[in-house]
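In what follows, structures are represented as structure tokens.
Here subunit A shows up in two complexes: once beside subunit B, once beside subunit C.
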Partner chain A sequence: MTLSKMNASMSLSRRRRARKAFRAESTYHATGVAIALFFLVPFAITLLASFRHGTEARLPPLPPWPANGISLDSYRSLDTFGAGVWQHTFNSLLVSLATVALTVAVSVLAGYGFSRYRFPLKNVLFVLIIATLMIPFQSILTPLFIILARLGLNNSLFGLTLVYVTLQLPFSVFMMRNAFDAVPKEIEEAARIDGARDLKLLFRVLMPLVLPGIATVAIFAFLNAWNEFLAALVLLSSNEKYTLPVLMMAVRAGRLGAVNWGAVQAGVAVMTLPCLVVFLLLQRYYMRGLMAGAVK
Partner chain B sequence: MAGAGPGKALPVRRRRRHPQWRGLLYIAPAMALVVVFFVMPVLFTGWMSLHNWPLLGSPRWIGFNNYFRMANDARFVSALRFTTYYTVIVTIAIFAVAFPLAIFVEKHRRFVGAYRTIIFLPVVVGLASASLLWVWLANVDSGFVGPALKALGVVEKSPNLLATFDSAFFTIIVMVVWKIAGFTMIILLTGLQAIPSELAEAARIDGAGRWQRFRYITLPLMRRTIALALIISVTGSILAFDQFYIMTSGGPQNRMISVVYYIFNQSFVSFNLGYGAALSIALLAILVVISVMQLRLLRVGEDRA
Partner chain C sequence: MNETGVVLTDIRKSFGSLEVIHGIDLRIAEGSFVVFVGPSGCGKSTLLRMIAGLEEVTDGEIEIKGRNVTDLDPSDRGIAMVFQSYALYPHMSVRENLAFGLKMARTETAEIEARVKAASAILKIDHLLDRRPGQLSGGQRQRVAIGRAIVRKPDVFLFDEPLSNLDAELRVSMRIEIARLHRELGNTMIYVTHDQTEAMTLADKIVVLRDGRIEQAGTPREVYENPANIFVAGFIGSPRMNLLDAAWLGNGRVRVAGSEMSVPVAGDGLQIGEKVSFGARPEHLFVTDGGEGCIPAKVDFAEYLGGTQYLYCQLADGQPLIAEYRSGPEINAGSTLALSVGDNQRRLFAADGRRLT
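Now for the complex of A and B:
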């Protein structure tokens, strides 16, 4: 009898504890959902609202979804600005992908050089590259503008790309040097014995081993180049060269005092979606880079 | 390594002794870019700051006159004051949001990974995109915030959030917190996770309350991480430009001109390139001082932790 009583009281307390845990769990997730909504809703509203009819573009997004049918009017009106949205998306893509390619190429070579060779001033030069992090590029825009003009690269997407690559170098060279440092020397020795030397050794043997580092470098280069605004605003002067953020200034300014908010929503969607997709697909490599930066 | 024996170590040492010039070849492209697009511009900025440098026509040497001008430039002083104000407020706001978030997502529960990812999403979009998005959300007639408040009956008339300094400033702070908090959260999270859980457990058994554990265990052990997050937030805020340019155009009564915005105006709107360069040097000096303070702060953190 006492045993069954004990059992009953135990199951009661267990049930109470379970209920308490359930309540704590619910509170936790209710808070979580509320937080998630705050961070998600601005994206969701913009994306949904961008598919409303052109006549609704002026109206507040209540409800945010396209209640009167889906339409691409906002994207069409975005297309009437500058040289058309395709041209500017192309410019942005060209600059971002070229930045990725050049950053990867330059930082892989430099990372390999710093990791595997000994030469005079090696540490001084490495510190010089890293030290550029301390100096904000915002403070050297004027001379950059003049130097690019002297090189015949003013108002050029290539010139802008070179600036972006330079801005990526401290982080990227640091990442790649660490990546090469982590590759055991024995692998290299073995490959050397098999007759692979220098560039061949680098590309055939080591490249696959530092691929995660390359992915990290590439993601940061892409996102930073795609999102950069001030340098593009200063260094590009003709309409058809503008990258997306600079084009959006014309949209933001509006015509005859009226802003076409549909075009703004469409523009925000075009600018943010690639970032979100790249991040969600390659999150692991992004976080690695963040941690490396944070730990340093 | 030492066990390899003297016979084996000798040739290795000999090979290492003379420099491998090929290494320079590998780093040459990176060095060329850094020299042409970073070192030269920095030196050039210093040189330009000693000139009256118009966009067209030849520059004229004026010594330190640009720097004297800066000291008496009321608009520069107010840009500095505004930037400081913004940096302090936004940093407090980011930490006030990011710290609880970091504690929230540190727990090992279901969906915690999803929460982390969602909170982090705004970090990967551009500040320019985020500013545009929020300038629309904050619009008085076509936006979301004002009309939604009106529809809910909270206000009678949709407020024009970007029309007065205080409400526009508040809107920008909310936007920046939305955009940046996830980043600070992840940095703080790495610090939280580095704290051995036995410590908090032991303190709990000794009867330390939740606040005491936070105050006397979590905070001291996170000093280094907090310093890092603080520095990133402060330097980033001092360089703020996009949000003011896009959201308020320096707006209400030109009271939101940050330092970078002022340099931009002097250099690329008024084309006082020399004066812009002098302002840049001042900005650079401020940031170098902060970087040095950063190193000291981090070192202090190491000593005490």
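Now for the complex of A and C:
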């Protein structure tokens, strides 16, 4: 074979390989885009529909976007329900963020303790905490209500927060113990030789290493508190204390049998947005958190 | 120099009811390089961790530079430790890793900077200071781990099998580096390893441990040439010393595999016919053409290593024996040789393992 022929055949095979790679890559991306669309379209429809005019909102949702220009009618009518959408959003945010803060604080300390300290009945205690996951929360709603009433915490957002934290803790403690277990012991020992003790050790050295676990715990705590309906309905009794899910129930039920679909769409949009924000902010850590412990 | 650096007095350690360290007494001279060796599970790492303060001492006392540190926190003992797994803080840059201990001790910023700079210059890691541990190779990580120990300016360096995670070539160069470091810094260093080459080359003093007890402590030469007992004899040296069943014949003579030979042993208290072990290192065996004290051996298998040949032999009574053969024409499997040992290199051990002299 001459040199030029060899060159020609080589570049031919290289081109063939390039074409194959291109085809594989475009298939990969096309599939990705299709799947993304599949998940994004419902969000887009809701968001677009929430910006339709008041009159348009009652019509069948085809096409699902505002045909006569953008309007905030739906959001205005949503604001007429309950104590106003701002108040309820504020309530929800307050309860959810407080739940996140308390859950993270308690589960980090508990996870650290369960992972690193030796104390009597450690495993029994741990199993006991995990076992509470098996109790359906609806079944303890009545006792919870009574306990909160005794403590003078019924119809208070703080009481509701405590309930949410309690429900969130078993999973979170489990998660954080695994996260701490995955940190090599030598790192902790090196830090002890370097002079970091107890809380300093926890905050300066270990916390950054379990951040994925913390992000996972935070996301779950936020989403569960934000979306929770039954406990909020049962434990809160005055209008201005209700959280968004309770407000949404009222909106969805309609007034005198007439459902304001525009307000429903607007409410869904208001409820979805913070979840998306929290998830997008923490998703990088969240993925690592779920995988920690899987490897190794 | 010989002002005492580290003193261990009757150190014991129990996990629950299981005692794993049975009363260790050891004096380590200041500025010396001591290596703990022993088979896995012998307690060498536990002993090191007790000196570091990472493991509680059940009983006994640890002194560093004349100060009783038995109940002090690791950070207050004047020690620094290098771990097998490096144990760097993955979320900090190399600079922060080096500075962390000093920051915890509230050292002034200028001082921290100066010490980090000095340490990174010694270890030639100055160009890596802004990287994270994840971006470093194994050898570089180990340098950073050593650097983290250096900046603390400890009285005693503790190394827990620091080279086990490195590949063979890197291990050799890091070994030389550690030896150089010891010469430059002059600190007391305690080093745990199961690698004999590391132990022999680095140590001023080797401490051979077994089952939580010291079997022998001495210079590499002492341990190698005058093993205190059959365990040390078999443990130090590679390939290991040949230990052959023998019978005491009296008058400084023994019978090994059917051949009689003299040994440099008085044999006080030995009965004639008593069973003993005859020890000879592979490198001390040589091929003769017969004569006094030679053992006939059949070569089962020969390993060619370039400069030398290992001959795996079988003696007349079936006992295996390894001989190192350095000169002369190649010897093939199947040939029969007459092997002998230099007079001063014949060792004898009693049935209970004690060295006979």
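What we mean here is this: the second predicted complex is superposed on the first by the 233 of 296 C-alpha atoms of A that agree within 3 Å, B and C clash if a C-alpha of one lies under 4 Å from a C-alpha of the other, contacts with A are read in each partner's own complex, and residues count from 1 in each chain.
One rule holds for everything that comes next: a residue touches a chain if its C-beta (ideal position, glycine included) is under 8 Å from a C-beta of that chain, and two chains touch if they have at least 3 such contacts.
Note that the structure is predicted; figures quoted are calculated from it, not measured.
When both complexes are overlaid on chain A, the residue A:Asp181 reaches neither subunit B nor subunit C.
Contacts of A:Glu240 after superposition: neither subunit B nor subunit C is touched.
By the document's definition of touching, of the two partners only subunit B reaches A:His29; subunit C does not.
In the superposition on chain A, A:Val205 contacts subunit C only, with no contact to subunit B.
Set side by side, subunit B and subunit C differ in how many residues of subunit A they touch, and the one touching more is B.
Using the contact criterion defined above for the overlaid structures, shared-chain residue A:Gly195 touches subunit C, although it does not reach subunit B. Contacts of A:Met134 after superposition: subunit B is touched, whereas subunit C is not reached. The contact surfaces that subunit B and subunit C form on subunit A in the two complexes do not overlap at any residue. Per the touch definition, subunit A reaches subunit C in the complex via residues 184, 186-187, 189-197, 200, 204-205, 208-209.
Those residues of subunit C lying in contact with subunit A across their complex are 52-54, 73-75, 79-81, 83-91, 100-101, 104-105, 148, 152.
Within the complex formed with subunit A, the subunit B residues making contact are 16, 19-27, 29-31, 33-34, 36-42, 44-45, 48, 101, 104, 107, 109, 111-112, 114-115, 117-122, 124-129, 132-137, 139, 141-144, 146-148, 151, 178, 182-183, 186-187, 190, 225, 228, 235, 239, 241-242, 246, 260, 263-264, 267-268, 273, 276-277, 280-281, 283-284, 287-288, 291. Subunit A makes touch with subunit B in their complex at residues 25, 28-29, 31-32, 35-36, 38-40, 42-43, 45-46, 57-62, 64, 105-107, 109-110, 112-114, 116-120, 122, 125, 128-129, 132, 134-136, 138-147, 162-163, 165-166, 169, 173, 198, 223, 226-230, 234, 245, 248-249, 252, 259, 261, 264-265, 267-268, 271-272, 275-276, 278-280, 283, 286-287, 290-291, 294-295.
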